[in-house]
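Look at the two complexes coming up: chain A is in both, with chain B in one and chain C in the other.
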Partner chain A sequence: MPIRVGIPRALLYYYYFPLWQDFLQRLGAEVVVSDLTTKGILTRGVEHCVDEACLPIKLAFGHVKNLVDKKVDAIFLPRMVSVAQGEYICPKFLGFPDMVKQNVPGLPTVIDTAINVRKKQQDIHRFTREVGVHFNKGAVKSWLAYQRSLPIHIRYTKLLEQGHLPDEAVAVLAGKKPKALAETDLKVAVIGHPYNIYDPFISMNLISRLRKSGVKVITADNLTEQMVSQGVKRLPKKLFWTLSRRMTGGALTLHDTNAVDGIIHVAAFACGPDSMTGELIERFIRRDRKVPFMNINLDEHTGEAGVVTRLEAFLDMVRWRRQAV
Partner chain B sequence: MKVTFPHMGYMYVSLKGMLEYLGIDVVVPPPCSKRTLNLGVKHSPEFACLPLKLNIGNFIEARELGADTIMMAGGCGPCRFGYYAYVENEILKDLKIDYNLVVMEPPEKHIGELLGRIRKITGNRPWLQVIKALRFGFLKAKAVDEIENLSYQIRPRELVKGTTDRALEKSIDLVNEAATPTALTRALAQAKEVMAAVPADRGRPALKVALIGEIYTLLEPYSNVNIERHLGYLGVEVERAMMLSQWINDHLFMGVVRNLPSSDRFKKVASPYLNHFVGGHGEETVGSAVWYAQQGFAGAIQVLPFTCMPEIVAQSILPKVSENTGMPIMTLIMDEHSGEAGLITRLEAFIDLLQRKHEQKEALTS
Partner chain C sequence: MKGYLGIDVGSVSTNIVFMDEDTHVLESLYLRTNGQPVVTVQRGLKQMRSQLPANTLVKGVGTTGSGRQLTGIVAGADAIKNEITAHAVAASHLVPGVQTVLEIGGQDSKIIILRDGVVADFAMNTVCAAGTGSFLDQQASRLNIAIEEFGDLALKGNAPVRIAGRCAVFAESDMIHKQQMGFNLEDILAGLCEALVRNYLNNVGKGKEILGPVVFQGGVAANVGMRKAFERALGIEVQIPKYFNVMGAVGAALLAKEAVSRGVPTRFKGFSVADREYKAGSFECDGCPNLCEVIEMAESGQVIARWGDRCGKWATALAAREAAI
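Right, the complex of A and B next:
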C-alpha cells in the first residue's frame, strides 16, 4: 500500500503544490490535500495555535489538523527557510514545523526537511535525498524524481504569469480548458501574500467579487521576475523576504507603468513583513497620487459585509476618476 | 555633523562613549517617555513592532535637539529589524525631517562595504583610533552590565525601597561621564562602591527568575514597563538572558572576547524543541528557557513586543519546555498599551505561584 502523504492547503501550497504533488507521487506516495478552507478549519487552527500568530499560520494549523483527522501516514511540511539566494520566507515559516510538532496532538510522521537555497542552489539535493529516505528511495532515485517533476513547476509558473490563478493553473495542468472570462472595463491589482488572496474563504472571495464587477484582476504572481526586480530597484536595500519582495516589486512596477486603474493591498493581521512592506508600498504610491490605493486588513473576525462595501466604494471611485480624467 | 541613534536601555552610554572618544558630536535622544511613544505611534505603521515606534519617537525628539545624522544597525533578515532603518527613513521623509542615514549593514560582498559605512561617520580619523574607540565603547557596555547585574542582586534585598534605583542611576552616570579608559576603570570602581553602600540584607534568600525573550524589550526599561524593578520590589532576584556586552561580543566581535558568557550556551540546549534558526533571538529564547531550568531557576518570564515574529515561534514552543522541565514560564507581550498596574498584578500572581511551588518543594525535601 502506498504511503498517504498529506499536503496542507495553506502557506506555500499556492506556489509549489503541482511540484510537490508530482515529486511525492514519483517517490511512490499517495497525495492527500486538506479540504477547502471553512470556518471550521480556521476555528480548529485558532484553537491549536498561539493567539499572537498571524492569520495564515493559524489557518495552516487548521489544515494540518484536518490532515490529522484524515488519518494520513505522513504530513509534508518542509521547513521553508529560503527559496531564493540571499532571501528568506519569514521567521514563522522557519519555525512552523516545530510549532506544529509542539502543539498539535496525534501527529503522524512529519516530513520537515529544510529547503534552504539561501547560500547555494545545490542545497536542494540534500532536500530531495532526505525526503526520499521516508519512501525508501536512494539519493539518485529521489534526485531523478525531483528533476522529472521540475518541468511541471515551470509550466505552472508560466501559467501563473499568463494571468491564471493558482487553482485555474492546476486545472489547466490537469488537462481542463481554461474558462473564458467576462468582459472587463477595469484593471485592478490585488497585492498580497498568495495564501491570503487566493484562499476564497480568507480573502472573502475578493478576486471573484472583483471579476464579477467587471474587473480584470492582476496579482504580483502574474508578473515576470524581470518586472518584479524593476519595481524593487528603487529600494535602498534588497528586500530579504521573497514573498514581500515580489509583492512590493509588483505593486511598484504596476504603479510606475500605469498598467492598472487601482491597487488593493491585502494584509493579514499581525503579519510582520506586511507591516513593513505595506507601509513602503503605500507611502511610495500615495506620494505620486497617481493610482488609487486601498488597504484591506484580514483577520479571523473580518466581516464580509464591511469588505464588500469598501470594495464597491473603491471601484466606484476608480470608475468616476477615470471618467473625469 | 551631529550623530544620534535610537535608545535601547543603557546602550547610549556605550555608543556615546565610543563616538565622543573620536571627537564626534553626539545627540543622545531624550529617554523614552510617553511623548516618545505617542510621536512614534502616530507616525508608524499600526502593526509594526514596538521598537520601531519608539525609534521613530527617538529620532523626532533628537531632531528637536539638533541631530542631523542617524547611526543604526542593519541586518539581513528574516527579522523585521533588518529593514527598520529604511522604513523609518521613508516615514521621516514624509514628515519633512531629513536625516543623513548611516546603516551598519553586514557586508554583502566584502568587508570594504562596512568599512566604507564606518568612514561616513568617522571621516578621516585613523583606523587605529577607530578600533580603540570600539574597544572603549565595549568596555563601557561591560561596565554598565556589571553594574546592572549588581543591582539585580541588591534590589530584592534592599532595606529601603528605591535606594538601589538611585544608586544604579548614580553609578551609570559615573560610567557615562568617564572619557578615557583609565577614567573608566576608576569610575567603575567608584560605581561599585556606590552600589555596595546600599543598605541591604545580603544574606536573605530570594527566588531566582530569568528574564528571557526579545533583546529590545529586555534592554529598554520603558518598553518593558520597568519589569526588572518591579520584580526586585517583589523580592525576586532577576537574571537577564541578554546583556549588551554579550550581544556585542557575539554579533559584532564574533566572540573574540573570551570569558564572557555567550548565547551559544542557549542554542546548544534548544535542539529538542526547536532545532533551527528562526531569525532574531527565537532560538536563543527557547534555549535559554531550557538552560535556566537546568540551572534550577524558579521561573522564567518571556518578554516580547506585540507581533514579534521570531518570539511568537518561541512562545508557541515554550509551554512544552515548561511542561517537560517543570519550570513555570510566563509570557508578557509589550505594546503601546502596556500599563504598569496591570503588569504588577500579573507579576505578583506569577511570583505567588513560584513562591508556593518553592515552599512545597522545601516542605517535601526537609
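Right, the complex of A and C next:
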C-alpha cells in the first residue's frame, strides 16, 4: 500500500503544489490535499496555534489538523528557508514545522526537510535525498524523481504567467479546459501573499468579487521574473524576502508600465513583511498619483461588509476617474 | 411635485431626504436606527409622506449606508451605492471644488480626497472604532453630559488636556486619571476632541494630502469642538455643509437621479411600503463547515430576498425562482 502523504492547502501550496505532488508520487506516495478553507478549519487553526502568529500561519495549522483528521501517514511540511539565491522566506515559515510538532496532538510523521538554496542551488540534492529516505528510495532515484517533476513546475509557472490563477493552472495541468472569463472593462492588480489572495475564504472572495464586477484581475504571480526584477530596480536596496520582492516588484512594474487601472494591496493581520511592503508599495505609487491604490486588511472576522464597501467604492473611483479623463 | 428620495441607513442613524428635480433638498429626516433598520425606514417613509404634498411623484430612489442592500430591497431602489461614493457625490455637489471630505459617523470614519471633482483617494477606519462618533458618545455618557452639549462645552476649554486617543479603552483610563488630578471638565472635553482628531488624522488620514476646501460631515460634524480641533490641527478653515448629517442620503438621491436619467422607470414600491409587514429572519446553513448565517427578508409572508451565504446557494435559488416566474 502506498504511503498517504498530506499537503496542507496553505502557505506555499499555491506556488509548489504541482511540483510537490508529482515528486511525491514519483517516490511512490499517494498525495492527499487538505480541504478548501472553511470557518471550521480556521477555527481549529486558531485553537492550536500560538496567539502571536500571523493569520496565514494560524490558517495553515487548521489545514494540518484537517490532514491529521484524514488519517494520512505523513504530512509534507518542508522547512522553507530559501527558494532563491541570496533571498529568504519569512522566518515564520522556517519555524513552522517546529511550531506544528509542538502544538498539534496526534501528528503522523512530519517530513520537514529543509529547502535552503540561499547559498547554492545544489542544496536541492540534499533535499531530495532526505525526502527519499521516507520512501525507502536512494539518493539517485530521489534526485531523478525530482528532475522528472521539474517540467510540471515549469509548465505551471508558464500557466501563471499566461494569466491563470493557481487553482485554474492546477486544473489545466489536470487536463481540464480553462474557463472563459466574462467581459471586463477594467484591469486591477491584486497584490498580496499568494496564500491570502487565492484563498477564497480568507480573502472573502476578493478575486471573484472583482471578476463579477467586470474586472480583469492581475497578480504578481502572473508576471515573469524579468518583469518583477524590473520593478524592484527602483528600490534603494535589495529586498531579500522572496515573496515581498515579488509583490513589490510586481506592483511597481504594473504601475510604471500603466498596465492596470488600479492596485489593491492585501495584507494579513499580524504579518510582519506585509506591514513593510504595503507601506513601501503605497509610498512609491502615491508619489506619482497616477494609479488609484487601496489597502485591505484581512483578519479572522467573517463580516464581509467592510471589504464589499471598500471594493465598491474603489471600483467607483477607478471608473469615475477614467470617465473624467 | 416630482423628485428623488435618498435613504442612508447607517449603524447609528437612518437619514432620508427628498430632493426636487433641480436637486434642491426639500425635506430631510434624521432618525436613530436603534438596530432596527427596516422598521426605522418604514417609520421614516411614513413621516416623509406626511411632510410632502399629496401629489408628490417619486421619480427615483437611492440607498446607501451599511443597510443599503436591505433597504434597497424593501423600498425598491434604483441606485444602491456604498457610502464612500455617496458622500463624495454629495460633497462635490453642495460644495463645488471641494478637495477633502472628512466624514465621521457612528461606527466608521472616512476621508475622501477629491481632485478636479473626481475621487482621487479614500480611506476608512480599519479594524478599530477609535476615531469615530461612538467614542465621543461613550465618553460623553461617562461624563454625564448630553452629546448635544459636548461641542459647546469643549469650546469653553482654553487649555485642552492631553488625552491618548489611540484606543478608546486607554483614552478612558487616561481621562479618568486626568479627572482625578483635578482638571476641569471643559478642558477635558476639548482634550477629547483633540485626541479624536489626532487619531483620525494619524489613522484614517495617514499619508493623505489634505488640501482646502475641506468639508466636515457626518453626525459628529454637529460638534463645534471637533470642528475647532480640526481647524487647529490642519491650519485651514473647515466648512460644515448645511445638510452635514444627511449627506449620505443627499448623495443617494443624486445617484438615484442619475440612475433613472437614462429613461429607466423607477423601481420604487411607493410610500405604501411603510404599511406593509416585513419580517427578517435568519438561519444557519449546515451545507458545509462554513455554517453561514443566512438572512431572509419576507414581505407579507413571502420571502423576497436572502443573503449572507458565501456560496450563493440560497441567494441564487431565490433568484432562479424569481426568474422562473
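Keep this in mind: the second predicted complex is superposed on the first by the 324 of 325 C-alpha atoms of A that agree within 3 Å, B and C clash if a C-alpha of one lies under 4 Å from a C-alpha of the other, contacts with A are read in each partner's own complex, and residues count from 1 in each chain.
Operating definition for what follows: a contact is a pair of C-beta atoms (placed from the backbone, for glycine too) under 8 Å apart; a residue touches a chain by one contact, two chains touch by 3 or more.
What you see is a predicted model, and the numbers here were worked out from it, not measured in a lab.
With chain A as the common reference, chain B sits beside chain C without any clash.
Put simply, the three-chain overlay gives an angle of 80° at chain A, taking C-alpha centres for chain B and chain C and rounding to the nearest 10. Once chain A of one complex is fitted onto chain A of the other, the partner contacts of A:N136 are absent, as it touches neither chain B nor chain C.
Contacts of A:Q85 after superposition: neither chain B nor chain C is touched.
Looking at the shared chain after the overlay, A:T309 reaches chain C, while chain B stays out of its contact range.
By the touch criterion stated above, A:T224 is placed in contact with neither chain B nor chain C.
In the superposition on chain A, the chain among chain B and chain C reaching more residues of chain A is B. Contact with neither chain B nor chain C is seen for A:Q147 once the two complexes are overlaid on the shared chain.
Legend: residue contacts after superposition of the two complexes on their common chain; A:Q121 is shown touching neither chain B nor chain C. Of the two partner chains, chain C is the only one touched by A:F201; chain B is not.
Once both structures are overlaid on their shared chain A, chain B and chain C have a minimum Cα-Cα separation of 5 Å. Contacts of chain A with chain B, set against its contacts with chain C after fitting on chain A, overlap at residues 269, 283. Interface residues of chain A facing chain B in the complex, by the touch rule stated above, are 49-50, 52-54, 79, 81, 86-92, 94-96, 98-99, 102-103, 114, 235-237, 239-241, 267, 269-276, 278-280, 283-284, 287. Chain C makes touch with chain A in their complex at residues 66, 81-85, 116-122, 124, 126-127, 207, 288-291, 310. Only residues 44-49, 74, 76-80, 82-83, 86-87, 89-91, 94, 103, 105, 108, 273-280, 282, 306-310, 312-317, 319-320, 333 of chain B touch chain A when the two sit together in their complex.
Chain A makes touch with chain C in their complex at residues 38-41, 201, 205, 269, 282-283, 286, 289, 292-294, 297, 299, 301, 305-306, 308-310, 312-313, 316-317, 320-321, 324.
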